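By letter and in written order, the chains are A, B, C and D; residue numbering begins at 1 in each of them.
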Amino acid sequence: MLEQLKQEVYEANMQLPKLGLVTFTWGNVSGIDREQGLFVIKPSGVAYEDLKPSDMVVVNLKGEVVEGDLNPSSDTPTHTVLYNEFPNIGGVVHTHSPWAVSFAAAGMDIPALNTTHADTFYGSVPAARALTKEEIEADYEGNTGKAIVETFKERQLDYEAVPASLVSQHGPFTWGPSAKDAVYNAKVLEVVAEEDYHSLQLTRDNIQLPQYLLDKHYYRKHGKDAYYGQNNAKSHDHSKHAHN
Amino acid sequence: MLEQLKQEVYEANMQLPKLGLVTFTWGNVSGIDREQGLFVIKPSGVAYEDLKPSDMVVVNLKGEVVEGDLNPSSDTPTHTVLYNEFPNIGGVVHTHSPWAVSFAAAGMDIPALNTTHADTFYGSVPAARALTKEEIEADYEGNTGKAIVETFKERQLDYEAVPASLVSQHGPFTWGPSAKDAVYNAKVLEVVAEEDYHSLQLTRDNIQLPQYLLDKHYYRKHGKDAYYGQNNAKSHDHSKHAHN
Amino acid sequence: MLEQLKQEVYEANMQLPKLGLVTFTWGNVSGIDREQGLFVIKPSGVAYEDLKPSDMVVVNLKGEVVEGDLNPSSDTPTHTVLYNEFPNIGGVVHTHSPWAVSFAAAGMDIPALNTTHADTFYGSVPAARALTKEEIEADYEGNTGKAIVETFKERQLDYEAVPASLVSQHGPFTWGPSAKDAVYNAKVLEVVAEEDYHSLQLTRDNIQLPQYLLDKHYYRKHGKDAYYGQNNAKSHDHSKHAHN
Amino acid sequence: MLEQLKQEVYEANMQLPKLGLVTFTWGNVSGIDREQGLFVIKPSGVAYEDLKPSDMVVVNLKGEVVEGDLNPSSDTPTHTVLYNEFPNIGGVVHTHSPWAVSFAAAGMDIPALNTTHADTFYGSVPAARALTKEEIEADYEGNTGKAIVETFKERQLDYEAVPASLVSQHGPFTWGPSAKDAVYNAKVLEVVAEEDYHSLQLTRDNIQLPQYLLDKHYYRKHGKDAYYGQNNAKSHDHSKHAHN
């Protein structure tokens, strides 16, 4: 069942330690088959060195396990909400990558201060508000997803143009057209969090990117007028992660 | 004598350089056999690349060497105090990991600012007070252990729920159900120290986790209602170090 | 066509990930054959692990592709301007190395605060001004090069003695007698950016190097009186990158 | 000539990149044969990957090359001064390790804030004053050594108990009973510089170690009452670099 997707999600999970995004097993990747309405996710509590494609758990859009001997990631309800609310995404990643966590703990957005950011994120990556006591006790992981969605609605953000959110006090979630893209976005987020931290220590000036530079860099890589890479005619082609 | 424990303690010691927790040989791990009242500890001054399981030194709960050709770690009296005062622990680790040392030198607790912290430590990791001149000159390593124990008593901390302490001006000690668990806790402590450092530079707001989020994350992984990993029915199962 | 130069430029590109200067494919190196007035540059959107010498694209000094099946780097117009305006340079590098980007985002020069800097850069590495909306929309990459050149003219900087510039909000460009030298300079810039960041956090004193120390270190390694390395008689010998 | 010493100095030099203390070739190690009054030093401008034991250059205590086809390190006059003025040292190291450089550029001592420091350095590692224009132009490298010696005299420091100095605006020099010990001290200095940087950002309290803790840790590892390691009876035994 969904063998190719399991392989892709397995490979995307294995990228997390290679990219320095996880300590121990603190991260998980899922990918969805939109036609069948099923997604595949890392099992909970399995070390990366022991992980196999066949360990992946198949879950439906109600968050119910459809196939698999292992428990799915405890963050599965968050993934479920994101797949339901963001209909064009194909993959979701959660990590505890340390620079993004540092901003999340501070309850701060990761602002758009440089073109590395603008190449991938069309504006600040928001820090979704902290959950209330009632939300945490009732359905912690589900409400985590809902807080992200609420943040995107309130701020009128396009989840395809800003494929990431922090959850205050917790850490980052990223997404994208595929599991592999979501992992790419998780790495970019960690890199720009590190850069932003240092820029913010260097100066107290307002160094937010102007809108026209954000436009230039974002649309240099996305949409019908994109001209980086080798496939310029294709709109929203995220398969080539490069801009040089 | 205690061959299996020696092997376990040897392996736990060898994890320290792999996890980036030691420079040169600045760290040591011990593990205890509670039935026999004997613990096994790294010898003093032996480089990790030269270490063998048979080099491990066996020590009783008075801190006396029972078996072994080599001197035990000079921190053996600290380990002895911790084993005597914290009856449910099975392993102890001491390192000079640099982020934890930075907080220890500043005499500051490592506060609970994010869920990575709450997954392992049920509240701030305390900085035990600096020792007095008299304590240092009389029995430095033993009094180091006593200062940790005193701190836990004064602050009414549960050593099983907060399995770590800094010693001011010095560095971190961690513990756990086994030597391997104590090493895991030493790594988590270093990671959250790094994250906390950056969060504290980013904002001066009060960003301590609320009690209900601390409860949620800690009890998601510990106790009878834990639901992460693959062994949810088991209370205090630290053998699976994962929460995803 | 230009097979040896392609090989050199290929090898220089491959140094970027080895030196920790790029994440994913965020960097590019070019090298020029001054006699033929043609330069060779990395193709856009090709991952380093897939890159071959034959993938290199040949471009003339109008920025037109002369040979190659792949699109050249989207930063090719910047390289073109630099080769036209800085006639003695043989190679150009652009990266998004994180410490240099942190200064660029802050709009700050990388000041000359230590001898590591002075060994390679004869004074501060300037942050060229941010581009205007009109410049970005008309010819972003070309105007990026022009902003660098303008900065060097206005500040009366010698591009051979200061072989690097930041572009505000964006990142670093470096150059040198060859592609390999330009990569060397890119690494030095990243190292001194990191050192300067920390020095600037440690003190608010004026710690700019005095002119005479800048002179000493720079001319110890450059020009006819240089005395480091094994080829002291040769002026401007950048083939030996060492001063010990 | 001095084949064994060349081998030792070669091996000590090769430790610098392994310990992360050098970028490119920015570092050099020497070791002395006190009976013959000759020291062996890395040649200038030779990459570590190309270095051979036979490349080492033999120099006398006037700083004159006695044997070797290659130019010695351009820092040879600094080494010469240190060997003449500090009669009990057997090896000298110079690097541009980035944390130590950050303090040197700020003109700040590396203070004794934790026991990691006290285990190796009996008090603050001083930042020798910056050289004057006249000193730099007359004999830069020789006067660098003299500034270090002057600093130790003025502050009444024991060069055996504090085997390191920064040179303001420049970087660290360390020394020790052998070339290998001097490399060990160079690594410790870099580690404590990093730790101190972070502690100084965390608090503005006075966190200097008290004298009695400095005494305890330093003499736990040095002198006739040392009790760490496996050779406790031996005074000043630096061959075992461990305290656990």
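The criterion applied here is as follows: a contact is a pair of C-beta atoms (placed from the backbone, for glycine too) under 8 Å apart; a residue touches a chain by one contact, two chains touch by 3 or more.
All values derive from a computational prediction rather than experimental measurement.
Asker: Do chain A and chain B face each other with the same patch, meaning over half of the contact numbers show up on both, or with different patches?
Answerer: Counting shared over all numbers used gives less than one half: different.
Asker: So, what's the distance in Å between the C-alpha centres of chain D and chain A?
Answerer: Taking the average C-alpha coordinate of chain A and of chain D, the gap between them is 46 Å.
Asker: So, what's the distance in Å between the C-alpha centres of chain D and chain C?
Answerer: Computed from C-alpha means, the inter-chain centre distance equals 33 Å.
Asker: Mind pulling the chain B residues that touch 2 or more other chains?
Answerer: Chain B, residues with two or more chain partners: 201.
Asker: So with touch defined the way it is at the top, what topology do the chains form here? Options are line, ring, star, complete, other.
Answerer: Shape of the chain contacts: a ring, since each chain touches exactly two and the loop closes.
Asker: For each chain, which other chains does it touch, given as pairs?
Answerer: Here the touching chain pairs work out to A-B, A-C, B-D, C-D.
Asker: Give every residue of chain D touching chain C within the complex, in rising order.
Answerer: 23-28, 42-47, 70-71, 73-75, 94, 96, 98-99, 101-108, 130-131, 133, 136-137, 140, 169-171, 197, 200-201
Asker: Which chain D residues qualify as touching chain B in the complex?
Answerer: Listed in rising order, the residues are 113-116, 184, 187-188, 191, 194-196, 198-199, 201-203, 205, 207, 209-210, 212-213, 216, 220, 227-232, 240-244.
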